[in-house]
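Next come two complexes built around chain A: one with chain B, the other with chain C.
Coming up: the complex of A and B.
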């Protein structure tokens, strides 16, 4: 199913975000938990195996080792992919109750199915949904929001590919469900501190709406 | 991760059921599982599902210098990735024995059968040719990766469109999709693979 591209601007209402974000839980049969997350046309499949056996070299005596693998759709994984993996891993390590599973590993594998903008936020959301599907204990769930500042200083949430490429600054924020605090913030480009704060607040509102979506999906599943 | 070995009672059960012409999911000996093919937004992307086995294939193209032994032929490169999400025993990076076998079989099936006309991929002989790259990712392993990967690769190649090229003397212009509509690859035929399993030295 194809959804309309989303490139919403600050003034658009909650309904537009909610219509274009979808999740298909348990999309794969082999992994312990899996989810396919759609943000408009951008699609990422996440699979979680864990807590499971860990290589001796990576074993940690007090907590679980979180390993993330991100696979792009075309070509071999390179530096950009490694950067994404490291960001997703640090987000998941904060969210998971790693201390409950010492000397184990939680393996998260992400496959890019389609990149039409906002890929990092889609990956993090997919990873979170897959972790929930696997039933790994979490401190809080996370919602990632992509935000760009276009050439007219307009804030655009969940940009399309073209909007991302033409933007002055790109940001991704990840929020925690229990306190709405920022778990991860990554940015590139040039932006003034005041505008950055404005983007953060707008993304936080979008994050709150995403958490409502999560609750809605979970209640429908049961 | 190490593969969990099949227990002897499971093995005996499966062989016993096969001797009575029964399969675990109720199929007959020659029945195929449901096949579903979906296409992505990008040209050359397709997602194939046979039963619960899922494979994603994506085709991309690049202009490169051709091989010295074949200066007027394009190149077709097939890369199979057994993603760790498909099966916990698949390690990321290096392909296991099974992976190498399936990769080689895919290459034989797609490249060596000349289903894509490589000479049509030549732009300037000896200098510039198209290299078509097919990335096949296995997402879920519930058996028969070979057939699913084959269907995914062929379908993606048939779906793919490459940019149009004009050669004017020394100048080579590669047109964008907006300037000139994209050109399909020359697909001569569609090779498909079918996998059979033999039990009890061929008696079942």
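Coming up: the complex of A and C.
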């Protein structure tokens, strides 16, 4: 999805976002909560177990311990997977009301089904939907948006694999639903601060549209 | 009395100071600790640097080795950064497999090298498809008092700038390399990325260059890596409490200012060494 006017999302493109992002809640029967999240062709299945029993070594007396496991489609989990898990865990920890469930654990398991770009944002969105499906109390819900700056300095949201590889700079932002503030921001690649701000603002608007989508899905479920 | 209060309720102790716009160690909220840089002290390494950021002490040694290139990049050499947090650097670290902080910081170092283009991988190539330079950059933390990322990036770049590679030629007939250890060529460092980290305490207050105590209180940490051109190389806020867009802008502004200071420091250190 290209945005010719940097910083403002056109209505036609907003519709494109709505069409490409889909979610299948309760896709698994055994976990407390689950969701399959689709961003274009990228698919991630998330399962949540919790609040449940925690290992003594990981027990925290005042809040729940959030554990995230990310399983790549092929190969064994390595350093890059550990970094993803760490980011997803920090995001979910700030979103969940951990203080309500001391000395427990909330386990989030993410399985990559297909990676066609924007994987981190798909994982975080899937985790959030699974947490909502499990009914774990949250301070706010989160929307993750992937963004790249292509060779012509155009902003592309939710890029595909080829667009990601050819991009000058790759970014993922996560926004909170109550304040629209930035929960997570990772950017790699050389970019001017002005363009970075524009990408941030554009992603924030896309985040707002995603929250509207979430509300839509929830109302349809009930 | 104050010492007991600090021990029992660290967050309340800090709030009292932050309300007045100061930190317990006397710094302003956006002030950085004293930075000391020392290069070339390890004679057995091809390049080295020692950095002290307040009490955080980090040493980086660069060893250059010759190897066959990776099959997917036959004309490029490569840089392998590794960050170690041995048990001596602080009470929170035990001997054994690398702590998560060490792994995450190693990944950050790799991203900095890759995305800033500070070392040209093509120039590390000696003979296409056969022989390339591999730079093993080992960063060891000697004392940990917060803000590992900043100290490691400064140490890494200073060590790379200090690195001198021996002249190598590949004999076409015998296919054996000839290394002339006496002739040393300085490594070409094309850009100088500088990392600046901030901690968010109490979900509102932004503290630059957090020490270990402040990091333990932090609800979020932001790291910004900037280049001399004033452009951003990496922005890293791995989750934690949400911050407003204006706070993010402020982090970037402060990072650009701080980066100038660090580059000036590195330049002065290098010039004093040459004298």
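Some notes on this structure:
Here is the rule we go by: the second predicted complex is superposed on the first by the 210 of 222 C-alpha atoms of A that agree within 3 Å, B and C clash if a C-alpha of one lies under 4 Å from a C-alpha of the other, contacts with A are read in each partner's own complex, and residues count from 1 in each chain.
Note that contacts are C-beta pairs under 8 Å (C-beta built on N, C-alpha and C of every residue); 3 or more make two chains touch, one makes a residue touch a chain.
Everything quoted here is computed from the prediction, not taken from an experiment.
On the superposed chain A, the positions of chain B and chain C stay apart, so the two partners fit side by side.
Look at A:34: by the touch rule set out above, it reaches chain B but stays clear of chain C. Shared-chain residue A:197: touches chain C; no touch with chain B.
Of the two partner chains placed around the shared chain by superposition, chain C is the only one that A:79 touches, whereas chain B remains out of contact. With the two structures brought together on chain A, the opening angle seen from the C-alpha centre of chain A toward chain B and chain C is 100°, to the nearest 10.
When the two complexes are overlaid, the chain among chain B and chain C that reaches more residues of chain A is C.
When the two complexes are overlaid on their common chain A, residue A:176 makes contact with chain C while staying clear of chain B.
In the superposition on chain A, no contact is made by A:141 with either chain B or chain C. In the superposed pair of complexes, A:53 makes contact with chain B only, with no contact to chain C. By the touch criterion defined above, A:45 lies against chain B but remains apart from chain C after alignment on the C-alpha atoms of chain A. In the superposition on chain A, contact of A:123 is made with neither chain B nor chain C. Nearest C-alpha atoms belonging to chain B and chain C sit 11 Å apart in the superposition, given in whole angstrom.
Residue ranges of chain A in contact with chain B, taken from their complex: 2, 28-31, 34, 41, 45, 47, 49, 52-53, 69, 71, 73-76, 107, 109, 111, 113-114, 116.
Of all residues in chain A, those touching chain C in their complex are 79-80, 82-83, 86-94, 140, 171, 174-176, 179, 181-193, 196-197, 200-201, 204.
Those residues of chain C that touch chain A in the shared complex are 100, 103-104, 106-107, 111, 115-117, 219-220, 222, 227, 230-245, 248-249, 252, 256.
Every residue of chain B that touches chain A in the complex is listed here, in rising order: 1-2, 40-42, 45, 47, 52, 54, 56, 58-60, 79, 81, 83-88, 92, 133, 135, 137, 139-142.
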